[in-house]
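The following pair of complexes shares a single chain, chain A, combined with chain B in the former and chain C in the latter.
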Partner chain A sequence: MSEQHSEQHHIASPTLYLTIFAALMICTFLTVVAAKIDLNQYFSGLNIIVALTIAVFKASLVVLFFMHAKYSPKRTQLVIIASVFWLAIMLFMTMSDYVSRSWT
Partner chain B sequence: MSATPAAVNQMPREHYLNATWGIRSWLLTTDHKRIALLYLASVTFFFFIGGAFATMIRIHLLSPKGLLVTPETYNKLFTMHGVAMIFFFLIPSIPAVLGNFLLPIMIGAKDLAFPKINLLSWYIYLVGGCFVLYSFSTGGLDTGWTFYTPLSSVYSNSAVTPAVLGVFINGFSSILTGLNFIVTVHTMRAPGMTWFRLPLFVWAQYATSIIFILGTPVIAITLLLAGLERVFHLGFFNPALGGDPILFQHLFWFYSHPAVYIMILPAMGVISEIIPTFARKPIFGYSFIAGSSIAIAVIGFFVWAHHMFVTGESTYAALTFSLLSYLVAIPSAVKVFNWTSTLYKGSISYDTPMLYALGFIGLFLIGGLTGLFLACLGLDIHLHDTYFVIAHFHYIMVGGAVMGYVGGLHYWWPKITGKLYPEFLARIAAITLFLGFNLTFFPQFILGYLGMPRRYASYPPEFQVLNVMSTAGASILALGYLLPMIYLTWSMRYGAIAGPNPWPGTGLEWRTPSPPPTENFDVTPEVTWEPYDYDNRPDLGLDVSGAPALAHGDD
Partner chain C sequence: MHRTGELYEQYRTLEQQRETASLGMWIFLSTEVLFFAGLFMTYTLNRSTYPDIFSEASKTIKLSWGAINTVVLIGSSLTMAMAVWASQTGKKKALTWFLIATLVLGTVFLGIKSVEYHDKYVEHHIPGWNFQFEPGADAATNAHAQLFFSLYFGMTGLHALHMIIGAGLLLWLIRESLRGRFTPEYNTPVENIGLYWHFVDIVWIFLFPLLYLIDRH
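Moving on, here comes the complex of A and B:
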């Protein structure tokens, strides 16, 4: 029973949803603008870093508010964090190949 | 001898098989036991499809120049064999059939946590299967089961897109099954069924479910990307479009190496149930076996790039992955040592499930140790893409996973159907299977070591003797598979009534009638005993004070 109580749905206000939606739209606009500016002249790979940072921020908004992770029980949050950690392992170990290919 | 009194050996008046009637009652069922049987029929169908392709491969390889088909068709045969067997038989076999049937009963639950999602997973499996069958029947598939790019995404003229979609869709079936198992184990255990009283089969299913959930989305999206590149020419893996083919291999193997453990872990769970039952002893090192299942599931995610030692990854990454690959041997060896320690001073009986379990240990040992050869960076340069690799993974997949599956089917068949199969015939089949398997695949170790590459439609004449041996073994192996299908089907109608606990076993599944009622138990059971505790279970009717108790079939 306690499990059921703890997983009762949190009701978010329409204002909040609209705010998040607006934030996502602004971030999309920023992504397009950032793609049109040659940031690589300042730092190699900066364009992709900016694009991915905005994308991660947008994904976090979707997971936290649209998918209700912010209001979910701790166990659900733990599962989400573990999944992201697993994704990080995949990316890290894959990158270990790309980064070290040029080593002699 | 059955320890169960004869008076008890009656079929229950009402059980899950006769509770409702009609095709609708099956196609819309939410009973996990019926869904398990739906899966049983489906995976058996795909086993036949994959088996038919394997038969054609072996007939073709009887002659150095190839006996049966053109090289192009040969490419399709081994590809379709792999896709059917891996994605539609091996991966779902034990979890979706035996796991579905047993997991709720073993923990004292009435069903899985999400019965409708369980049925949905079967339908998704069927939809994915239809896509793949469409691919097979409209030009076939020639990319290898690994779908390596840019062959699959650019150059192949075969029906890649429906096959990729089929495997993508099928992935959701696995994810839903894994999700269902994890939630069920967490939330629906009977009173007294603590984590360390869970049967080891449940631990194995739990570990497998973790891989299902963490790995399957990666393969699904990877194959979808390959499909998008093929259809819409988006550059993910094609160098001409700015992509990287090695990236496909990283993403593919991030799932597909752990998928090996999806196939073998549940079989290990089956063996952990069979060994104590037929050794009449508590299993040795319960917590280590349980922990090693989780360890294999976790470490299995850190080794994937050993499939890519010669495909262009960096030497330093290869060194790291080689070292990590050796680590998997530790929890695997923990299991083998614990099973053999359980046998020590046990009252062993050689009933059919035990023959499969003992066969599993031997074959898995060979498959596992040859895996260490392949994890060795230097040696793998020589053995990569040879028949040595084919032999190695068939020792794990067929010698391990399929032996576990068939052994598990025999072990729980009395529970599933309420009937006993003919024991003598079953023992003959088990021995036939073991001999046929070894004759088929052991020569392939030698062929590979001598340098015969995999996926070639022809070979030098000096390799013919070993290839003929292999094909002869495959014929015996086929007989070993056909026999159980015949006598198990026969036993459903004509077999002797099994009673609730024919072996006898200690788990909760043996404390409910055979076949079980729809709700599994008339009264929710309360677990007051430790797992596999043969020493303190007078209800089993075994004499533990004096001479070793006889097992079923010893009279």
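Moving on, here comes the complex of A and C:
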């Protein structure tokens, strides 16, 4: 039983975890540096777009590798996608209402 | 009742039993995503309504503490991931040490957070009767700055509460680990509390740029 289980269950290596940690540290550094540069002069709102893109990338690394989503069954991955989808509905619907209120 | 990884009758294999526990944890975390999402939504709306005050108020919180805490918390996620690895590979001593390291880093995070809260207390930036954004600020500025700080304390406070609960769970894991309960066949509590800990890390990954990095140039 336990042999069969260890075959099926993927165990990520410490090297992978250290690599992901290093990537997360680099991204943290980049997001602080990017925030100190006035990117809005090139394109209004570019600072927040860059900050959130880096945050989404960091969160994806944590979910995929630290939380093993990459090696999880499809059922679990569906739950993760569904939670992001519901979050998107909430943000998108609320913002579209809020932004369009002035369009009388 | 002590579970040690025996197969329950409703499952066909240990792997299926393990995946079911993990699925349940992920469904709980989905509800947590939406729990925090309400605050993130409120923040987004208010920030887009009062962009200038939010930017001014954000500049009064110390970027260095936020950046250090980001490093500390991601570091604790690394030690937690290593704890899960140690439990999967049957390294019992390493498991205990990685759990202790995670708890220590989590406590450091909360310690730094309390220093930050104290700074805000000294500066009269805690929403309430004694709130004053800066000397001579007009009523509207004070009101809108208070909105930022209410969200700052609400969001970081709810996050810190999750950290405190996580620290309690880690204490329990350390005790059970010292008893030698976790084996490569049975480590579901380590895995699931690990998932919770990483989730709390992800919340901070978004809080840090939104609260600390609005307008630093």
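As a working rule, the second predicted complex is superposed on the first by the 94 of 104 C-alpha atoms of A that agree within 3 Å, B and C clash if a C-alpha of one lies under 4 Å from a C-alpha of the other, contacts with A are read in each partner's own complex, and residues count from 1 in each chain.
Following the convention adopted for this analysis, contacts are C-beta pairs under 8 Å (C-beta built on N, C-alpha and C of every residue); 3 or more make two chains touch, one makes a residue touch a chain.
Computed from a predicted model, the values in this text were never measured in an experiment.
With the two structures aligned on chain A, chain B clashes with chain C. Legend: residue contacts after superposition of the two complexes on their common chain; A:Ile26 is shown touching neither chain B nor chain C. Once the two complexes are overlaid on the shared chain, A:Ala35 sits against chain C while remaining clear of chain B.
Applying the stated contact rule after C-alpha superposition, one finds that A:Thr94 touches each of chain B and chain C. Of the two partner chains, chain B is the only one touched by A:Trp103; chain C is not. When both complexes are overlaid on chain A, the residue A:Trp86 reaches chain B and chain C alike.
By the touch criterion defined above, A:Val63 reaches chain C but does not reach chain B.
The wider contact with chain A, measured as residues touched, comes from C rather than the other of chain B and chain C. In the superposition on chain A, the residues of chain A contacted by chain B and by chain C overlap at 83, 86, 90, 94, 98.
Of all the residues in chain A, the ones that touch chain C in their complex are 1-2, 4-6, 8-9, 11-14, 17-18, 20-21, 24-25, 28, 31-32, 35-39, 47-48, 51-52, 54-55, 58-59, 62-63, 65-67, 72-73, 75-76, 79-80, 82-84, 86-87, 90-91, 94-95, 98.
On the side of chain B, the complex with chain A involves touching residues 187, 214, 218, 246-247, 250-251, 254, 301-302, 305, 313-317, 320. Those residues of chain C whose C-beta lies close enough to touch chain A in the complex are 7, 13-15, 18-19, 22-23, 26-27, 29-30, 33-34, 37, 40-41, 44-45, 48, 63, 67, 70-71, 74-75, 77-78, 80-82, 85, 88-89, 184-185, 194-195, 198-199, 201-202, 205-206, 208-210, 213-217.
Looking at the complex, you find that chain A touches chain B at residues 3, 83, 86, 89-90, 93-94, 96-101, 103.
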